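Shared between the two complexes below is subunit A, which has subunit B as its partner in the first and subunit C in the second.
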Partner chain A sequence: MTPATATRRRLWDRFRFARQGLSDRLPRLPSVAYLFISPFFVLFGLFLLFPILYTVYLSFFEYQGVSFDSLLWIDLGPILIDVPRVAELEFVGLGNYARILNDGLFWDAMYNTTYILAIQVPIMIGLALALALALNASFVRFKGVFRTAIALPVSANIVAYSTIFLLLFNEFGLINSLLVALGLEEIQWFRSAFWARNTIIAAVTWRWTGYNMIILLAGLQNIPQQLYEAAEIDGASRWQKFRYVTVPQLKPVLLFVVVLSTIGTFKLFAEPYVITGGGPSNATITIVQYIYKEAFDSWNLGYASALTVVFVTIVSAISIVQVRIGGED
Partner chain B sequence: MPRDTTYGRYGRRRLLKGSAALGAAALAGCIGTGDREDGDESTDVMADEIGGWGWDVAARSLQLTADEYEAENDATVEIEEFGREAMKEDLQTRLSSGTGAPDLAMLEMVDGPAYIETGAIHEISDRIDDAGVYDDFVEGAWASLSDGDDIYALPWDIGPTAVYYRRDVYDEHGLEPDAIETWDDFMAEGEKLPDDVDMLNLPMNDLDGVWRYQFRQLGNQPFTEDGAVNIGNDDSVMIAETVKELYDRGLAATLDGWSSAWFGAYEEGTVASLPSAAWMEGTLRDELSDTAGDWGVYRIPAHEEGGSRASNWGGSSLMIPEQVESAKRNRAWDYIEWSLATEDMQLLMYDEYGLFPALETTYDADVFDEELDFFGGQAARRVFADVAEEMPSYGFSADTPEVTSAINSEFQAMINDDKDPEDAVADAAQTVADRTDRDLA
Partner chain C sequence: MREHRRKDAVWRFLTYAFILVMAVAMLVPLYWMLVAATLPQDEFLNLTPRFYPGTAFLENFASLQDRTDFVRSIWNSVFIAGVYTVLSVLLCSMAGFAFAKYEFRFKEPIFYLILGTLVLPIQLLVIPLFLMMAQIEWTDTFRAIILPWLANPIGIFLMRQNMKSIPDALLESARMDGATEFQIFYRIALPAMRSSLAALAIILFLFQWDLFLYPLVILESEANYTIPVALAGLEGTQRIYYDQIMVATTLAIVPLAILFLVLQKQFVSGILAGSLKE
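On to the complex of A and B.
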């Protein structure tokens, strides 16, 4: 051992002793661990738990206006602590929920959202699966290029791409110009309920297909090759391999994609908000858009909260059903 | 080693000390809930510095008066400029959270009642009384800024409504603006235009705006005195029929207002007339400067011969949030009164940014009789000033958004799906009644 190494070792030992001494002097409480993870719980409580509980609370009230009363104030001369009460609320019990039952616009929004969901999600997932299978096949070239190109729309800003769709499909947009150039009739995309809804579907599908494809592709690549080899030895055809190997193996990933897309479509807001504004005659207004309208156009904060609670309940119920069905073998 | 006792005891001891201090504070009367008594409400101390919010040209014109104000007074007025939507959202949040609002802000007439109802706006009736300026303003501007006798904002600009028309297009096809007195005349003249030129535009995204200026023109209110929904009355049906007839006779384009196609149509003269408000002058000058000299203005058509030809579209005011402390309120009011209730300042803003004054005493000024090159030498502003003095008042309310969306939705159905005008109006009224828990008038 050279002197230099010895010195280094001595220094290192002293450091270790010092560190150990410090840790002996620190309080040994289980609470210290909680102290370290508390920032998460504080933030979670403040920004997630509290808003959720407050929404449920608000749903039993009618918003009357701003309150300038204080919940608590402490005047210590130079220091004044004042916790303002934000809103003037009137308790209405289940009144807001009862109102939902007879609210035509809520049911319109429900219908629109369900319609978009029922058409859009199957189309999108079918498309994503087909693309994933194609891009997973051994004979396709330039896979990287295709994958990137198809997955790229998901990085587009939601309002920006909605605006592009608005420009494409408006009365004098590119699509109508093309139709006319081909000798066809112009279509009033935003003037008929049917076309307006399908324009929204097209926009959403364009943006999210690539995203779902990437997830499915990852799932496909996780399927062990031995299964296919074994199937081949048993003389399985291409279709049989797909039906009896790929699909069962991919099931958890497919389920994940379906549940995610369902929730995503239920939450649809920006596209109809920008492209059709909910029109014509409320034919494309979605539930979230309706909640927004109630809360921030009409200031019915209590009613909007009740709508939110109902909405979350419906989405949760559907997701649970999907997981149950998907989970059975 | 015993682990936690010492720390717990310190905690308890500290807690005891803390609560003792709080208890003492409570005994001394400086802790509590509810309304804290604010001692300085009655004083007329003015803050040295205030801040105000506005959007686009409105903010820029406030900057003008702020500069003048600072030159005359020993105080600073900071004006922040926003985009319209950005400011509305930010302001609403700050007003309803009771903190963080500016010392004064612009408030659109249409939003007035909804804001007032939330209790977020400072009442200024006494200040207006003391200043003695109530009668200086156009009568029709006050309704949407008041709740009963209590007034919450000072009117700024209004939007007396008239028809802008492309003089060159009218001349080319032999249309006579002077021959137009009623909507029937308007349609008859419009028939002279070729197929590729429309007489006017019915903006699909603002059909309620079209409805509202005509509904107001006929002296209607959306709700009766006792709160019943009044938008299904005969006048409303008549308006719906007029709108539908304009469309069915092929006289109307249906471009979204303010879209590029819309600007393009007016630039090329493929739409010949534009019923709108006085504030549109600034936009036309800015956006369609190539068409200078090709424009003219006449009063909106009446629904029946001899009927009213005056209405209003839009307008705004300045208000002080309730949460602002009293010294700043005093300064804010001083500045607001100076900007809006003095002729010089109102005319300065009108001249620079085209904000049509709600201050009636300005209408004698020369600027209204100026023959403007943009309008081919017509003294167009006189038309608007005359309209302003006649325009009926209109009661916006917190339920205005419901009326807006119901009318827009039903009028769209009327145009797109050929819905019967009478049904459309009745359904709109029913929707508003259902959604606001009101009766039908």
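On to the complex of A and C.
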């Protein structure tokens, strides 16, 4: 035995020993667990993890079109494995990101989205909270009926309800008819930036208020009744009970609803797409709508990917800030 | 005392008034849609609003069906959402069962990785998914719409939480009786989880039913359009056919609204399940 082989043998023994030790330390694994999770995980990796990484990758390139070159080509006689290249790309480094900084339309879209968000979310959460409180009051009858009526928009298809709002606020729509009937002026809802935005705010609020109300109502019902009784014994007023019992107890649920609504409104697409088409002169174009336009109208898939990365970063950052602020006392 | 009672009465009145106003505000657009769907086009364009139904629903429906095969779109949506829901519920509950009831390597990190993706807006995926589908020539197919969303992070999260409530002793005794692991899942876990499965099914169905941006990008031929894509295609040409649009929106909303009224409890628990248990 040469010294070299001996060394190799020793190393191999040590390696095997290490492996054995590792498997001894781990609990017995029912291999069936892998059978249960693998279909989920294959799809998860293929259609969620890979696309996320692929977006980041794409954001450093300029898309030139579909390529018919092969990325992988294996000829096994009867079986031919041919994986086409996903796209023809030209590397531009951080070019796409630099372009975002000077892209007026992106900042317009950012501004529009933030504007709608800043007005829509507080109004909606306020209404949902007020409704939840009202429907939680002991003296209110027909709670089920009211709750159902208010939550009914949850079942409305997003594009369908947007279409209804488009026609409601149209030139000859119901809203203008009512304004005229009341002796007021008609409003050209989609011709002014201000009214167009408010139409979208109204539509989104209509659809999601009941949804948030249900979540808040469940939160209210989880508050122990004894807390209110104790407050009552101490002679607390209605406002004091709300301020010192309801608000602190409801805080986690409220925070959840706020974060969820913020993300939801940030992702706005179908409503402006259907109702205003982003107009008048891009006054209601949202970020997702802009990304869609860049990607599938102009086919700037690389640039659109960079926009997506920036957008997701901003949304995540805002959610984290909200959780931080809401989390401390 | 009397002063107090009067204040109370005012408070009650205001509460009722608020609830009532909101309930009406929620119902008016839907009612108006129903009425408008039954009016002939020229009557709809009358500037005086009308609040009672007409008789032209079937005619409007016929002209809608003439212009675009809307029944086909409804069928597409029902088919896609139905198949998706069944497959996804199965997949998520299998994975959730494994996460709740077995030990395996990297269990925690994998689970947190899945949870982390919950924060990301799904729009992030549209561009890469489109490119992937274009490359394997799956654009304009239903499988391209169904497959990518099957592994739903909300679904696995929900199922893991719920499957934890199944007592281990029950599974153990089944094992003693010689049941295979798959039989345990199929015969014990799934039936015990019936109500959470229903809630999950509702969340997933609604998710797929409302999906708009992604099918808009993937679907090309009108015969494959889902309801949202078909609806968005209805307006836009030079003339707007209000009667047809109203019939189409009615057909898109009313079935789900009825389902909502019937399955209200499951609906609500479905919404809560997707949200509260963070």
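Definition applied: the second predicted complex is superposed on the first by the 295 of 329 C-alpha atoms of A that agree within 3 Å, B and C clash if a C-alpha of one lies under 4 Å from a C-alpha of the other, contacts with A are read in each partner's own complex, and residues count from 1 in each chain.
Everything below uses one rule, namely that a residue touches a chain if its C-beta (ideal position, glycine included) is under 8 Å from a C-beta of that chain, and two chains touch if they have at least 3 such contacts.
This is a predicted model, so every value here is computed, not measured.
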| item | value |
| --- | --- |
| Superposed partners subunit B and subunit C on subunit A - clash or fit | clash |
| First (subunit B), second (subunit C), both or neither touched by A:251 | neither |
| Which of subunit B and subunit C A:168 touches, first, second, both or neither | second |
| Which superposed partner A:87 touches (first subunit B, second subunit C, both, neither) | both |
| First, second, both or neither for A:241, with subunit B first and subunit C second | neither |
| Partner chain(s) touched by A:66 [first = subunit B, second = subunit C, both, neither] | both |
| Which of subunit B and subunit C A:148 touches, first, second, both or neither | second |
| More subunit A residues in contact - subunit B or subunit C | C |
| Contacts of A:75 with subunit B and subunit C, given as first, second, both or neither | first |
| Which of subunit B and subunit C A:296 touches, first, second, both or neither | both |
| Partner chain(s) touched by A:281 [first = subunit B, second = subunit C, both, neither] | first |
| Intersection of subunit A interface sets (partners subunit B, subunit C) | 27, 29, 66, 84, 86-87, 172, 296 |
| Residue ranges of subunit B touching subunit A (in the complex, touch as defined) | 1, 3-4, 7, 22, 25, 30-36, 89, 92, 95-99, 114, 117-120, 204-205, 254-256, 259, 261, 322-323, 398-399, 401-402, 405, 408-410, 412-413, 416-417, 431, 434-435 |
| Contact footprint of subunit B on subunit A as seen in their complex | 27-29, 31, 64-77, 82, 84, 86-88, 102-105, 170-172, 188, 190-192, 277, 279-282, 293, 296-299 |
| Subunit C - residues contacting subunit A, complex | 11-12, 15-16, 18-19, 22-23, 25-27, 29-30, 32-33, 36, 45, 47-49, 91-92, 94-95, 97-99, 102-105, 110, 114, 117, 119-121, 123-132, 134-135, 147-151, 153, 156, 181-182, 185, 206, 209-210, 212-213, 217, 227-229, 231-232, 234-235, 242, 245-246, 248-249, 252-253, 256-257, 259-261, 264, 267-268, 271-272, 275-276, 278 |
| Subunit C-touching residues of subunit A, taken from the complex the two chains share | 26-27, 29-30, 32-34, 36-37, 39-41, 43-44, 47-52, 54-55, 58, 66, 84-87, 127, 130-131, 134-135, 137, 139-140, 146, 148-161, 163-168, 172, 174, 177-178, 180-181, 206, 209-211, 214-215, 218-219, 238, 253, 256-257, 260, 263, 266-267, 269-270, 273-274, 288, 291-292, 295-296, 301, 304-305, 308, 311-312, 315-316, 319 |
